[in-house]
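Two complexes are shown next, each including subunit A; its partner changes from subunit B in the first to subunit C in the second.
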Partner chain A sequence: MTPGSRTVLRHAGRTGRAAAVLLLVTVAALGLPHLMPGSPAIAALGPTATPEQISAYDAQLGLDRNVFAATWQWIGDALHGDLGHSLSTGAAVTTELADRVPVTLELFLAAQLVALGIAVPVALLSAWRPGGSFDKIATVVTFGWLAVPGFALGLLLIWVAAVHLRILPATGWTPFTEDPAENLRYLVLPALTLGLPEAAVFTRTLRGQLIDTLDQPYIAAARGRGMGTSRLLLRRALRPAGLPLVTLVGIGIGTSLGGSVLVESLFAVPGVGSLVSAAIVGRDFPVVQAVLVVSAAGVVAATFAVDLLYRTLDPRIAHEHR
Partner chain B sequence: MSTAEPAAVTVRAFGIRTVRRRPPVGVLAAAAWLAVVALAALLLPLLPGFDPLHGDFAHPSAAPGAGHWLGTDGTGRDVLQRTVAGARASFAVAALTILVGLLGGGMLGLAAGWFRGPVDKAIGFTTDLLMSVPSLLLVMITVSLRGPSLTVIGTLIGLFTVPHFTRVVRAVVLSLTERGFVQAARMIGTAPLRILRREVVPHVAPVALTFAFTATTVAIVAEGSLSFLGFGLRPPEPSWGGIIAEGRTALGSAPWISLAPATALCLTVLALNHLGEHLRPGGPAAAKGARG
Partner chain C sequence: MKRHQLLAAAALVAAVTLTACSASDAPVSGGGAGGAGAAGDGPAVDGGTLKIGLDRPFAKLDPADSTLTSMPLMVLANALYDPLMVNGDNGTVQPYLAKSFTPNADATVWTLDLREGVAFSDGKPLDAQAVAAHVARLAKPESKCPCAGDAAAIGGTAVTGPTTVTFTLKAPDAAFPNLFTRSLGYISEAPNGSSPAVGSGPYTVESVQPGVSVTVTRNPAYWGAKGHADKIVYRVLPDADSRYQSLRAGDTDLIWTETPGQLKQAAADGVRTATGPGSTSTVLFNTKSAPFDDVRVRQAVQYAIDREALEKVVFLGQGAVSDGPINSRSQYRSAAAAYPAHDAAKARALLAEAGHPDLAFDYLTDSRPESLQRATVLQQMLGEAGIKTTIKPLDATSLGTALFQRNFQVMDFVTSIFGDTDAALNSLYVPNSAYNFMNWSDPDASKAIAAGRASTDLAKRSAEYRQAAQRIVGEAPMAFLTENTVGFLATADVGGLPDLSKRTVLSVSPATLWVKR
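Right after this comes the complex of A and B.
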């Protein structure tokens, strides 16, 4: 077998696996209304609902068919760009998502900037003199920081910045396209809330990787040629040591939805997170189902992208299996 | 050095290897804090006069002081009592999470690492599946459809820790099967179950138990997040996240309502992280195994 065909086979296998994961997530998402005790239609429409209303409701949610038939139908519609209609607003779910996804993505990107902006310099300074006073303080602070959950941190930030100092708005949102400066003001606190806990994880990961990398023979060789530690770190160690961060950011895309639910509800940011939490409360199944499947697709795509990116960024594993 | 002295133990604190004779102060403090919280959560409710739902209407939003050590909330309920009662919810959820995660992940990890091949592939697929759904959302949905209960919340959070337990356990089992003592046991014809029980499980257990510390913090934070979002226990039943959420609107006038349970939560997570780090077999491998 040639190396080329092996690559093709591996990608085919991975794609099949990813498709199977997505399929099962879709089945589970469409099966959600069945988790309700009693009839979802009667719960939603009230005891006075006519049989016609009930069967219309069941048809809209695919409850009149078995869950696999409903999945088949849903996937067919989804491939034609139709994710169903919201039960509460009647709007197409795709329209709702198109409004919300950019907000959540902006928040995610800003949080990554916060996290990387803190983690890279701190980790470099820590690895420059491992066990030195900066490293010791940074290690203790990041370790303690890991213990602060996102919602508590967000509340603390609101307390300090919005209630006491009154320098930033506590809740609300202005789209970037309307007023970029206002948008940034509203972005600061949610982005910090999402980014600061990640900064702690990133710092610890990168520091460990940098210190491990500095033990490698090629670093010793460069050191022998007279390269100083700071240049070694920046020119030789940072690139290979930074690779795990690519994974962390990639996985973060997938898990960001969970985090965004908290942050968006805390700061009243109109993103996917607040859309879905409102939909859960209102039993708006089409919206919930679409968000679940889209977010699973996001996780799968991110894992895939990380894998491809790894091969580009790290020539060492280009020819290894997995 | 006389031989009567206790043997020096190697301690890894914050990834720096030092040799000490007894656990460092931080570890003792962490253990002490956890013991205090656990004892308070277990014993204080037995005292007469302990009623986290009772409102002292004469003193609403009272600042911390003699009568109410940590102040009262908007309806005059004692914040300290509510925080202690909230710990019960957190620990109950955490206990269930660990039970589900350790049992489920332990079995799956042992099976995946031992049998390899198709079994490993199937289990890997299951863990991929579990990890690709947004766990917090799924718990929120279930709670909203089936009603909030500690059992549902704990079991579901536990379910979502299963893939992580599985990976940790599988990795250890894979490396063990290459080791001489396991191969020797195989070669002399020991029954597989006996090898698993006698040779593999004793090596897997410390790693899995260390990960249980992490899973405990995950459960406590997840329960807090759920209650904070309104998908945890129904108010007025206290839980840390719930009390923090209740205090949100009074941040300017009575910050202690939120700050007391938030501090308790952070300290507990910190203590668990610290103990877990201290007890972890092997070096600071936090970054490893993160691929996926």
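Right after this comes the complex of A and C.
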């Protein structure tokens, strides 16, 4: 088999696995109303609902068909850009997601910037003198961050920055397209709330990787050739040690959505997290289902991208698969 | 269930006269319902933007939407829609869009006389035809309005003049105008697609993002007293803690709260309050499910509960104990009702007599922190009387299904329906009502409720309702726990906060509020 055909086969296999994951998530999402205890229709429509209203509600949720038939139809509609309509607002879910996804994406990117902006310098300084004063302080602080629950951190930040210092707004949102400066002000606290715990994880991971890398013979050789500390850390150690961070950022897309449910509700940010949070409370299944499938697609795409990025950053992986 | 879904308003006597000028009371002149009060309000300030934090997302700007007309969101609904009748002190209602609402001798035919010259914000006339069309729209099941059940009491609607509508009822109802303080009373044009339903309120919609925010601007052609603020921005702030911090940070001027800790903290933080006894905590018994089909078992639970201690622990002394279905501020009260005092020994004796000395049951509740706290305190109190309870927190869907299908033995039930005594008695305690969750039937109570409802004489109706309340407390289809203080918190910049301390339904018009900025 030629290298070219192996590559084609590898990509086909990966695409097939991704499609299988998405199909499973779709079946699970569409099966939610079937699996949940209690009757969504009775709970939503109340005790005065007529049998016709209950039937119409069930039909809208696909409860009048088996889950596979409902999934098949949903996929067909989704491929035509129709993710259904919200039970509470009547609006097209596609439109609601189009409004909300950019907000959550911006929040995610800002949180990653916060996390990486803190983790990289702290990990570099810690790894350069493991067990030194800076490393000890950084260890205590990062473990402390990891122990603080997200909502408590968010409330603490609101209390300090918005209530006490009055330098940032406590809640709300201004779109970037409307006013970039205001957008930045509203972005800071939620991005810190999402980013700081990730910074702690990134710091611990990168520090460990850097310490291992700095023990490698090629680092000793470079040091022996008189390479300066900063060049050694940034040019020779950071790139191989930082590879696991790429994975963490990729996985973080999925976990960030979970975190954004809490953070967006806390800061009243109109993103996907607050949308799905309200949809869960309001038993708006079409919205919940669409968010689940779209999120899964996002995670699958991110994993795919991380895989490709790995090959670029670490030539050994590409070489191994030849 | 949706806690505010059932409400309409309080009572009405015979003919009512034109008095109200805005869909809320006049501002407080003194201490208000608590906190800093309104003594420092000074003269009203026109202009500026008032920022209000909502505690829950609204689905549609349409009076048919039960969330929009729930008590915490009436501050939004009152901006866009004028009610025919408006809630006053002590559970009364007063005319607003209505000039008068008059019954015949036996309260089976009611004649509504509208204000003249009122128009919707799009310029179309708000006349008798518009009222009839609105009521007919919401009465249809497809409107999904919980008020469709109320509208089912109307046998016929006739437009008898340009501003006159006559409603013929299927049964006498002396409190019929109470039904027109919210959904049925917020006269609107039918919405076109997903666009908001047009009303005649003091503000009109400038922009809306469902579930996120809505901005309204002053209606230049408003028929009544103009709103003080040029613009009002409503933002959905679902998290109670960040909503309060947003108020303290000055991002928001006014919020709704049901959190006892915030009410207690408000005075220390310089936050103003306008609150009233807007909700009641109770325990429902399924009277068709053994052993709760035995009145002695239900009474034993009543005796085992120390309501004063419960109020102090869960509501931090911010509320009051509840002693029955007639709210402490209701016009139907004459004095505090008799309610079984806490007596664990009596509870044990009743259980022994009923043959259930080792009573044990599941206590169904939602999973909000205050509900779980209440359930835990009750568990300890009942334990002292030898009653073993297992707390079962459920998600909203499961709890709603269990409630509506009567698939429970004992359930935690917090409701605002007792703000309207007529609605509460007629919904919860009469046989065949969709809302008689306890499966309870008592001929004496039913007779008293029906007699009260048919009487246009306030004294007679009060007497009948008190008699029904005695039966309800005595037969114990539910145990009453606490009357909970709820309402608005505002920054010191906000003026015009009404005194809600005598209200049973906390309806506030944002047109009466101003912000000093």
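The rule is short, and it goes like this: the second predicted complex is superposed on the first by the 310 of 322 C-alpha atoms of A that agree within 3 Å, B and C clash if a C-alpha of one lies under 4 Å from a C-alpha of the other, contacts with A are read in each partner's own complex, and residues count from 1 in each chain.
Basically, contacts are C-beta pairs under 8 Å (C-beta built on N, C-alpha and C of every residue); 3 or more make two chains touch, one makes a residue touch a chain.
Fair warning: this is a prediction, and the values are worked out from it, not measured in the lab.
Chemist: Looking at the overlay on subunit A, is there a clash between subunit B and subunit C, or do the two fit?
Modeler: They clash: once the shared chain is superposed, the two partners overlap in space.
Chemist: Regarding the shared-chain residue A:Pro102, is it in contact with subunit B (first), subunit C (second), both, or neither?
Modeler: A:Pro102: touches no partner chain.
Chemist: Between subunit B (first) and subunit C (second), which does A:Gly172 come into contact with in this model arrangement: first, second, both, or neither?
Modeler: Second partner only, subunit C.
Chemist: If we overlay the two complexes on their shared chain A, which of subunit B and subunit C does A:Ser265 touch? Say first, second, both or neither.
Modeler: A:Ser265 contacts both subunit B and subunit C.
Chemist: Based on the superposed arrangement, let me know which partner A:Arg283 touches: subunit B (first), subunit C (second), both, or neither?
Modeler: It touches subunit B and subunit C both.
Chemist: With both complexes superposed on chain A, which partner does A:Gly31 reach: first (subunit B), second (subunit C), both or neither?
Modeler: neither
Chemist: After the superposition on A, what does A:Val300 contact: first (subunit B), second (subunit C), both or neither?
Modeler: Once the two structures are laid over each other on A, A:Val300 reaches subunit B alone.
Chemist: Counting only touches as set out at the top, which of subunit B and subunit C does A:Thr48 meet: first, second, both, neither?
Modeler: In the superposed model, A:Thr48 contacts subunit C only, not subunit B.
Chemist: Can A:Ala91 be said to touch subunit B (first), subunit C (second), both, or neither?
Modeler: second
Chemist: Once the structures are lined up on chain A, find the stretch of subunit C hitting subunit B; candidates are 2-10, 146-154, 308-316 or 380-388.
Modeler: The answer is stretch 308-316.
Chemist: Could you list which residues of subunit A make contact with subunit B in one structure and with subunit C in the other?
Modeler: Shared contact residues on subunit A: 36-37, 151, 155, 158-159, 163, 265, 277, 281, 283.
Chemist: If we count contacts the way the header does, which residues on subunit A are in touch with subunit C in the complex?
Modeler: 36-40, 42-50, 52-53, 88-91, 99, 151, 154-155, 158-159, 162-163, 166, 169-172, 265-268, 270, 274-275, 277-278, 281-283
Chemist: Going by the contact rule set out above, which residues of subunit A touch subunit B in the complex?
Modeler: Listed in rising order, the residues are 17, 20-21, 24-25, 28, 32, 35-37, 131, 136, 139-140, 143-144, 146-152, 155-156, 158-159, 163, 204-205, 208-209, 244, 247-248, 251, 254-255, 257-258, 261-262, 265, 276-277, 280-281, 283, 288, 291-292, 295-296, 299-300, 303.
Chemist: Which positions of subunit B touch subunit A when the two form their complex?
Modeler: Within the complex, subunit B touches subunit A at residues 14-16, 125, 128-129, 131-138, 140-142, 144-146, 217, 221, 224-225, 228-231, 241, 244, 248, 251-252, 255, 258, 262, 265-267, 269-270, 273-274, 277, 284, 286-287, 290-292.
Chemist: Please name which positions on subunit C make contact with subunit A in the complex.
Modeler: Going by the criterion above, the answer is residues 1-2, 5, 53, 57, 59-60, 141-142, 144, 146, 148-149, 194, 209-213, 235-239, 241-243, 245-246, 248-252, 395-402, 404-405, 434-435.
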